[in-house]
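Shared between the two complexes below is chain A, which pairs with chain B and chain C, respectively.
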Partner chain A sequence: MTYEELLSLEPYSLSQVRKNELFVELLGALTEKHRQMSYCYADIIRTLGYDRKEFQTVQDIPFLPVRLFKHLDLMSIPKENIFKMMTSSGTSGQQVSKIYLDKETASWQQKTLAKIVSSFIGTSRLPMIILDCPSVLKNRHSFSARGAGILGFSMFGRKSIYALDDNMDLQYEVVRDFLQEHKGEDILLFGFTFMVWKYFLQAVKDRNLFFDLSNGFLLHGGGWKKLAQESVSNEQFRQELAKICGLKYVHSYYGMVEQTGPICMECEAGHLHVSNCSDIIMRRSRDFSPCDIGEPGIVQVLTPMPQSYPGHSLLTEDEGVLLGVDDCPCGRKGKYFKIMGRLANAELRGCSDTYAVGK
Partner chain B sequence: MTDLEKYTKVFAETFDVNESEVEKLEYQGIELWDSVGHMSLISALEEAFDIMLDTDDIIELSSFEKGKEILSKNAYGIKF
Partner chain C sequence: MERLCMLQKDDGQVLPALPVFSSLVESFLQKLSACLMTDLLAKGYPDVITFAFFCRRSHIRQLAQKFAGTGERLGRGLVFHIAPSNVAMNFAYSWVAALLAGDASVVRLPSKSFPQVEIICKAVRQVLADMPELVPYIYFLRYGHDEDVNTALSALCSTRVIWGGDKTIREIRNFPLGIRANEIVFADRFGLAVIDGDDYLRSDNPERIAQDFFNDTYLSDQNACNSPRFVIWLGRNKVQARVKFWQQLQDLLDNHYELGPVQAVDKLVKTCLLGAECECKLQDTANNLLTRVEVKSLTRKLIEYTGNSGFFIEYEADELTDIKPVLTERCQTISYYGVVKEDILSVVKDSGCRGGDRIVPMGRTLDFSLIWDGYNLISAMSREIDVV
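And then the complex of A and B:
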């Protein structure tokens, strides 16, 4: 099966057994391809002790620490085939990740994201409220990962408005008029978790405003660390949005610039799910062996999508716990999990977390 | 104005080029047709033709020529 065929399936239809078979084949071939195309990658995995061409299980696929993309120009294509370069969010003084895309991988990123998100919100594009300020896209040559995220999700909306002005103040009248204009229609809201909490929800509360968002679908992501510091849990986040705006459909996602596209979405039961397009393994810090269900570990993310850079198997700096396999009450197949936060001593790097530090 | 004239005008205005130069335009081929420019193009096309493009078509619309093919589909009913 090719990646394109994988994409054509219903996005949560593969059982873990079937996925393991497919992924060992796809990721094994991809590891070999990147090894041949990138001297740098070949050196790294040789140093890690991998010289096999055949892998028995998905767990045997070598993984790179995600941080390497900050220090090395890792790509598996000739320079003239670079179609786009993406960079991660990072506070000043931190180095940013550089991800090189060719046309195929760039298009797969968008198609993968579209497939996953439309399985939650449907295929028609909804009137959209971006819970952020317009200036994040002002400098089109170097917008942040925050800007890139907003842009990437904009294809699911139409007639988009920004709920905040460039001072991060809530534009009450703009939002009110927009909701009036689209009364009775479903509305898509998108924002980064910390911005949604701090600059939207808190402003609505402080100013005693009211919006009826009972037809709304909020998609949010980009770092929990700042909210955890303010002792806000996911549960509380959802409850407050429901209480204050009547917002019932609140879904977070887990993703990173190094694997843009195959994001993990939170289901109705509050669990993050990998789609057919990616997989996840939690690993023990002491020896990197795979954790059992319920045992917290370091998050490894895998996807057979990236053809132009060796980012198909990455060890993140996040800590997570696998909650189950194929048996979530929401009915989606595959693994579901939760993210506990960043590993101690890891850099600040979430889209919303880096904004918080800049202030 | 014919649909082709309208279509040509949207590209010329969005990307600030002469109407004689639009035919060879491709996504990422010129500075202004980057990912920000792409969303401006989509909005301008939707407004000019009073249509709503599907998400998949937004992704596929990667050149002036490809756009004509997409807009000619039954769902949009535009003839070039």
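And then the complex of A and C:
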């Protein structure tokens, strides 16, 4: 089966047994392809001890730490085939990930995303409110993760508006008029979790405003790290949105710029699901062996999608826990899981870099 | 602070500098040592007990013989110490060195609260009650990132001692020193270990050697300036020696070392980056507690790829001089097992390299010495009077 054939299936139809068979073949071939096309990747996996060309199980596929994309230019295509480069949204001064796409991988990203999201919201394009500011999309040649997210999800909307101006202030009249114009229609809302909470919901609350979003479907992602700092849980997030705007359909997703496209969506039962297009393995820090169901570990993400860069098997810096396989009450097949957040940073002993730390 | 500024205005009139290794300081340290040895709380902290041993009269006299020199020396005046925030006991050694050199001290204590610091402070207070004449020589402060305090103390001191590595040094260098002041800085550095495989295989106590190596490395998460990041093998039977050495260490690690997830990922990142940079191979180990990457050649570039929490760059050398490329100014401590120390010294001297400030037996990289990081602390914190 090719990736395109995989894409043509219902997105949550593969049982784990069937997926394992397919993925070991697809990912094994992809590992070999990247090894041939990227010297850097070949050097790295040789260093890690992967010399064999065949893998017994998906767990045997070598994984790269996702942070490598910040340090190295990893690509498996000739430079002239680069169609676009994506970067992660690092805060100023931080190094950002650089992901190189050719036309094929870029198009597969879109098709994959479309397949997954439309299984939740349907295939027709909905009036869309982007809960962010327009300036995120200023530089069209180098997309930040936020920009890429907005651009990627915009294909599910029409007549989109931005709810915030470039000062991150809520555009009350704009949103109100938009909702008036589309009264009775389903509305798509998209934003980054923290932006939704801080600049939309808090502004609505602080200014005693009201929007009727009972026909709305909110898709949000981008991590709970900042919200966890403000001690906001997923449940609280959903409750507040329901209470203040009547928003009932709230789905988070788990994804990253290094694997744009095959995102993991939160189902009606509140679980994140891998689709047919990706898989997930939680690993123990002690020896990187796979965790059991219910045992928290380091999240590894796999997808046979990326052809232009060796990002098909990545060890993230997130902590997650596998909740079950093939048996979510929502009926979707495959693995479902929960993300706990970023890996806890241990404070090292030793005498270096001390005064400056914590500034 | 005010009391301190007043004292310094008279420039030595009110607060005289002491001679190096003064008898006053010697008896103070003897009392401090006794006080710590009988402190029930201190018994729980081996690093405090080691410090108490360091301060014993007999040890101080040994040091005096070695370091007092033949010339006439007096303390420079006031030493301002910035202690590392994540190591408990460095502040105490830094301060005692200044005391032995004849100086008053202002110490910025570690920001992290360590029980060891409390124990030392309590004992110092107790001993000072009997020796009020030393009170003006000892100030332990705890303060945040306060620019005014740093500015005032930097302007006031005759010697500034900065522990804590590159970032801290850069930060503190924003505060100008007085014209006559000097500075002792401890930058980010690394260590390497050289082991003769044949000698190792002949040893009848491999457990002890593993423990020594563990103390040099894992005890400080391999993050101290003296921790070996490179392990260089010599001798004929390197392969066999390596298998045995790492197996012994692994046995120890499995029961005595905790590895956080971020550390495990960090080590994988380092391995991959090293793999992208040079020809090397990750060696099989039982788990992530121990990460060994064998390189085909030792180059200066490798220094950028060293790691911690049990990340070792290994190299099989034909001869000792092969270590030259990594003896850069960032290399501090060369620890050895089964290698003749004079031979190591020759390599350092003959090559004229910028690194290799300490050559110590395996297991003793963390032992404090008055010669540290290339400085003779006594002479750096005192002045010699030339009498013609």
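Going forward, the second predicted complex is superposed on the first by the 340 of 359 C-alpha atoms of A that agree within 3 Å, B and C clash if a C-alpha of one lies under 4 Å from a C-alpha of the other, contacts with A are read in each partner's own complex, and residues count from 1 in each chain.
As a working rule, contacts are C-beta pairs under 8 Å (C-beta built on N, C-alpha and C of every residue); 3 or more make two chains touch, one makes a residue touch a chain.
None of these values were measured; they are calculated from a predicted model.
Student: Once the shared chain is lined up, is A:Pro65 touching chain B (first), chain C (second), both, or neither of them?
Tutor: second
Student: Under the stated touch criterion, which partner chain does A:Leu48 make contact with: chain B (first), chain C (second), both, or neither?
Tutor: After superposition on chain A, A:Leu48 lies in contact with chain C alone.
Student: Which partner chains sit in contact with A:Cys330 here, chain B, chain C, both or neither? Use first/second/both/neither.
Tutor: So A:Cys330 meets neither chain B nor chain C here.
Student: Once the structures are superposed on A, label A:Ile293 by its partner contacts, choosing first (chain B), second (chain C), both or neither.
Tutor: neither
Student: On the A-aligned overlay, A:Ala269 touches which partner chain: chain B = first, chain C = second, or both, or neither?
Tutor: Neither: A:Ala269 stays clear of chain B and chain C.
Student: Which of the two, chain B or chain C, is in touch with more residues of chain A?
Tutor: C
Student: Which partner does A:Ser154 contact after superposing on A: first (chain B), second (chain C), both, neither?
Tutor: First partner only.
Student: May I ask you to decide whether A:Gln110 touches chain B, chain C, both, or neither, giving the answer as first, second, both or neither?
Tutor: It touches chain B, and chain C stays clear.
Student: Mind sorting out which residues of chain A both chain B and chain C touch, each in its own complex?
Tutor: Common to the two interfaces on chain A: nothing.
Student: Mind pulling up the chain B residues that touch chain A in the complex?
Tutor: Chain B reaches chain A through residues 28, 34-37, 39, 42-43, 46, 52-56, 58-59, 62.
Student: In their complex, what parts of chain C are in touch with chain A?
Tutor: 82, 84-87, 90, 110-111, 145, 163-168, 170-172, 186, 188, 219-225, 227, 259-265, 268-269, 271-276, 280-282, 284, 286-289, 293, 308-309
Student: Going by the contact rule at the top, pick out the chain A residues touching chain B in the complex.
Tutor: 83-84, 107, 110-111, 114, 118, 123-125, 137, 140, 143, 148, 151, 154-156, 158
Student: How about chain A: which of its residues touch chain C in the complex?
Tutor: 40, 43-49, 64-65, 67-68, 71-72, 285-288, 297-298, 315, 317, 319, 343-359
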